[in-house]
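Each structure below appears as structure tokens.
The two complexes that follow have subunit A in common; it is paired with subunit B in the first and with subunit C in the second.
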Partner chain A sequence: MTETFATDAKLLADKHVEFIQNLDKKQDGLEYWMTEHLRVSGIYWGLVALFLLRRPHALDHEQIISYVLSCQNADGGFGGHTNHDSHLLYTMSSVQILAMLNALDQVDGLRVTKYVLSLQTKSPMTTVCGDKWGEHDTRFAFIALAILSFFNTQDQLDVNGVVEYVRGAMNYDGGFGSKPGGESHAAQVYTSVAALALAGRLDIIDRDRLSSWLAERQLPCGGLNGRPQKLEDVCYAWWVGSALDILQRRHWIQASKLANFVLSAQDEKGGIADRPGDVADVYHTCFGIAGLALVRYPGLEEVDPVYCMPRSVVERLGLDKWQSNVPESWSQ
Partner chain B sequence: HGRRRQQERKPTQDELQQAKQRVDRFRALNSHVMDLKAKSVFTKDSLDATKRLLEQNTELHTVWNYRRTIFTSLDEWQSQDARQQMLDGELKFLLDIITKNIKSYWMWNHRMWALSSLPRPEWQRELALVAKLLALDARNYHGWDYRRFVVAQLKDAATDKYAVDIQEFAFTTEQINHDCANHSAWHNRSKLLPEILTQRDEDGQLQALQTENDLILNAIYTDPDDQNAWLYYDWLLDIQKSDADRCRLLRNKIAMIRELLELEEDSKRPLIELVSAYAELERLQSGSVLETEKKECLETLRRLEGIDPYRVGRYTDMSRTLSKQWALAA
Partner chain C sequence: MRIEDSEQVEEAVPLAQQAEWQDITPIEQDEGEGSMCPIAYTDEYRELMGYLRAVMAVGEVSERALALTARVIEENPGHYTVWVYRKRLVEELESDIAKELDWVSEISSKFPKNYQLWHHRESLVTRLWAPSNAQGVTEDQRVTNPVLRRELQFLGAAIDEDSKNFHAWSYRQWLVSTYALWTQELVFVDTMINQDVRNNSAWNQRYFAILANRDPSAVHLEADMAKSEIEYVVEHIKLAPNNDSPWSYVTGLLLRHAPSMLYTDLLPRIKQLAADNAYQAAMTLTPFYWSALLDIYEQQAADHPDTKKQLVEESRAICDQLASETDIIHCRYWNFRKTSLDTC
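Moving on, here comes the complex of A and B:
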């Protein structure tokens, strides 16, 4: 079903490309240095936006690859910047960047696998920690499965244990929290649903209850919030949209109203903000554009709802096989 | 998040100078700390350097890691009393800076590490602290996650673990009585109630469920548009002991909805709940829903497409599904 978009504004593609290209030039500003610790993720967000905008070469690939590789540590994981401690968040961004730039072969998959597996704890229950300091979260459960899928080493993880962990984070509203006991939040819903898609256990989801909860995220302004009573934010176009996409319920929200909201949050000088009138940043530029790609806004590449990477990249790597894990009854 | 764009004008020479100095100072301190870390310097001085840097940027998780490593490498760490003192100081430091970024995962993680490493942690004090924070921001999930962490520790140390659950349950009651739209409190309650039920006998369980029912009905009547209240009500149905109980509650739900619709007939939430109540009733007890009621459901879904157009997709899907299930024309 193709949606005809009746939007008031246009996507300022060229401006966003410029915005992303200029990010590394803003070195006079404190902001640049205060976000150094997540530089690798910043690059991932910028690259996803560029790929979806069909301008993948707007940034220098060789330079990026060499920088990302410099972020790998002795333990096999990646930090957010050179000489920063390894963490799953930055290992994920690094691997995703290398995948998009067709440079996964430049990293030793077994080394990265070993790092990820070292973060799995088995007692009292299976959890995956973000780093050796012990924080566990459904985000990390997803990331572990995703990273290992790039290297085809997923079966070395206790997948059943991870599924039970995610199941433990499921709540009365059908949503998922950050960990067992945690309140439902759209970002955690995405990571939990994506994790279950990779693990082939989408069946444990209360599809109707969760789809309703996600659909209710759309506010009168067309934007989406992350949980009831909260403000709309452009990034939920991705967190909510991708979960609905995997659940095959994209049509339970109004795509053109959402698109209008995202477009209205653009800065005419380039970049997208969390909501209209706010300062743009690369994170919201990424997830705003990815959210538009999900609802098939014209002029954008298709995006994979599990990996948040261009579908063409996911297919090239044979990682679209998660689609066969979607229960048959969902496609009816 | 949430920073307003401002009218841009060219900065003055003075402002440019000041901005450059800020950047240079931060970069210098950052390089200094990272250099100490690379050289594995674990001294009071390096501890102090990390503190000064973290005060400026609470999100430097590598520096929090380094700070923890310094603590555990100091000689004092081996003495219970010295360790207690150091970590009490650390907790105070964290309290001072948490207001800079109340949603910082790294700071909350560090606090948990400090509490877990304390020879004599004061869990009750932490509970009181979190209660204060939640009074300011009732929906802060970092606060609630931390509260659950503290309660788990209290339970671990307690001889009467059930009493801890009861205390926590009472805390959620307090929160809800203060504001029955506090979804985070209801959520926490949904995790505690099953535990509480297992500790009670049959009569006690029925009583608890009845109390819960009354509480949620009050929330619904207070604000029939509160989606969370209805979700909680449906969950109470899930944890009933029998289908007969579920059907009884569904009939009560329908009666309540009819009351609400008399006050406002185009009320979205009661309307959608009416349809789902009948659908569930028919699913539990085939034939219990009348033909007229089934037709009313389909008509209601049609009306909802107009009342709540953003969710048209959901209503048309429901129409199709129910029509098929009930063998009715859509």
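Moving on, here comes the complex of A and C:
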């Protein structure tokens, strides 16, 4: 089914490119050094947006690669910035950046694998932690599987254990929380569904109930929220949209209304905010554009719903094989 | 906000000018060659970080290092590296844990969504009162234990501040689970639901409290319990019929743990409510009522195939109404629901 998009507003592609290019020039801003600990993720968000906007060279690739490599630590993991402790989140962003820039060969996959495996735990249950602190979360279950897939070392992880952890986080409403017992939240739904896609266990999902919960995120204004009774936010265009895409129910969201909402949250000077009238930031710029790409808004590259990277990159790396894990009955 | 007066005066003075710090040479941030992300700090933060790197590099264990981590964290708690160091300092200096918890509580009001704060709390609490020690006493005694009482108070305040704070509810689940505080939790949940019947986090917590760590697939709700939950839900639907959470809670609960009661008990109660003059208009207008009927009929038809034909017909009409009138934004979903009725 192809969408037709009402032309209430345009995607300000050039402005967004400028916005992203100017990010590292705002060094006198408080926000700049307050977000130092996640700098690598900031770059990932900017790069995804640029790639999807078909302007992949708007940032200097060599500089980025050299910076990302400088974030790798002795334990094989990557920190959010140079000399920051390793964390799965920033290891993921680093690997994704290198993948998009065709520089994965500059990193030793076995070293990174070793780091990820070191974060496996059996207490309080079999799962993967975010860092040596011991926080566990369905996000980390997904990230562990995703990182290892880049290096084809997924089978070194206790995949069954991880699947059981994710299953434990499945709630009475069909959604998934951050950990068993945790309230269903769209971002956790995305990571749980993506994890199960990578593990080949999408069958454990209550597809109808979860799809209905996801569709329910769309509010009359067209925007999506992350859980019942919360405000709409541009980033859910990705978290909800990607999960629905994997479930093959993308069309349950009214794309045109969603697109209008996302576009109305654009800053005319560049960048996208969480909702109309607020200040733009690179995170919402990334996920707003990725959300639009999911619903095939014109002028954008196709995005892979599991990896949140351009489909062309995922295919080049042979990572689109998760698609064969989608139950056949779902495609009917 | 916090420290002794004498230290407060010194706070404004750069570390480089403080006698206490003369022996340390700060380490500047190494941005790497041709870094694309040269950082600009405020001068104060830059200085703090320089000294912090220096003491971390030599693994210094001291009160001044502890105070330094506090200052850095108070500026930027997202810098998770600092937390590892602080945890170690607190342990090796054998700091007063109760005081440490007080300090964490102060920071939390400024940064309620910072994960490290909550995790630091977790490690402090388990040190103060090991869960294994808590097993030998009753729940009443556990709840009144100063350590847990403080935590419950703190959580109450945090949730008051932001009733849907994911981190707070998650930490609460950890606390209740670890120290088996199930009975008081049901009371707390009830209070929160009554404060705001639309708080989805509270309803999720209700399910958590009722399940009490049992494996969901092994739990069958007793009739009495199910009936009382149905009553509870109906009472709260009356307060705001067009509210997702109670509907989602009761259908989810029964589907998992007492499916036949969906149509033997829930169905008559909600139909009764819909027929009640006081609620009729609101019930007719809310998609959640009609959606619940669809779920109920689906279960009923599956259990009693002889009723299937009539229930499918009714369900079709409901889907049409939802798609065209009551819940137009989700029309694609309702149309799917309708077509899937044909394949039941």
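Criterion: the second predicted complex is superposed on the first by the 329 of 332 C-alpha atoms of A that agree within 3 Å, B and C clash if a C-alpha of one lies under 4 Å from a C-alpha of the other, contacts with A are read in each partner's own complex, and residues count from 1 in each chain.
Operating definition for what follows: a residue touches a chain if its C-beta (ideal position, glycine included) is under 8 Å from a C-beta of that chain, and two chains touch if they have at least 3 such contacts.
Just so we're clear, the structure is a prediction, and the values are computed from it rather than from any experiment.
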item: Contacts of A:329 with subunit B and subunit C, given as first, second, both or neither; value: neither
item: Partner chain in contact with A:267 - subunit B first, subunit C second, else both or neither; value: first
item: Partner chain(s) touched by A:24 [first = subunit B, second = subunit C, both, neither]; value: second
item: Which of subunit B and subunit C A:64 touches, first, second, both or neither; value: second
item: Subunit B versus subunit C as contact partner of A:178, first or second or both or neither; value: both
item: Which superposed partner A:277 touches (first subunit B, second subunit C, both, neither); value: first
item: Partner chain in contact with A:254 - subunit B first, subunit C second, else both or neither; value: both
item: Partner chain(s) touched by A:39 [first = subunit B, second = subunit C, both, neither]; value: second
item: Contact residues of subunit A, present in both the subunit B and the subunit C interface; value: 28, 30, 33-34, 36-38, 79, 83-85, 87, 131, 133-135, 171-174, 177-179, 181-185, 211-212, 215-216, 218, 222, 227-230, 249, 251-254, 257
item: Complex contacts: residues of subunit A adjacent to subunit B; value: 28-30, 33-34, 36-38, 79-80, 83-85, 87, 131, 133-135, 171-174, 177-179, 181-185, 209, 211-213, 215-216, 218, 222, 227-230, 233, 249, 251-254, 257, 267, 273-275, 277-280
item: Residue ranges of subunit B in contact with subunit A within the complex; value: 1-5, 16, 19-20, 22-23, 26-27, 30, 34, 38, 57, 59-62, 65, 68, 105, 109, 113, 139, 141, 144-145, 148, 181, 183-184, 187-188, 190-191, 226-228, 231-232, 234-235, 238, 309-314, 317
item: Complex contacts: residues of subunit C adjacent to subunit A; value: 29-42, 45, 53, 76, 78-81, 83-84, 115-116, 119, 164, 166, 169-170, 173, 177, 198-201, 204-205, 207-208, 211, 243-245, 248-249, 252-253, 255-256, 329-330, 332-333, 336, 340
item: Subunit A residues touching subunit C - in the complex, by the definition given at the top; value: 24, 27-28, 30, 32-39, 43, 60, 63-64, 66-67, 70, 79, 81-85, 87, 131-135, 171-174, 177-179, 181-185, 208, 211-212, 215-216, 218-220, 222, 227-230, 249, 251-254, 257
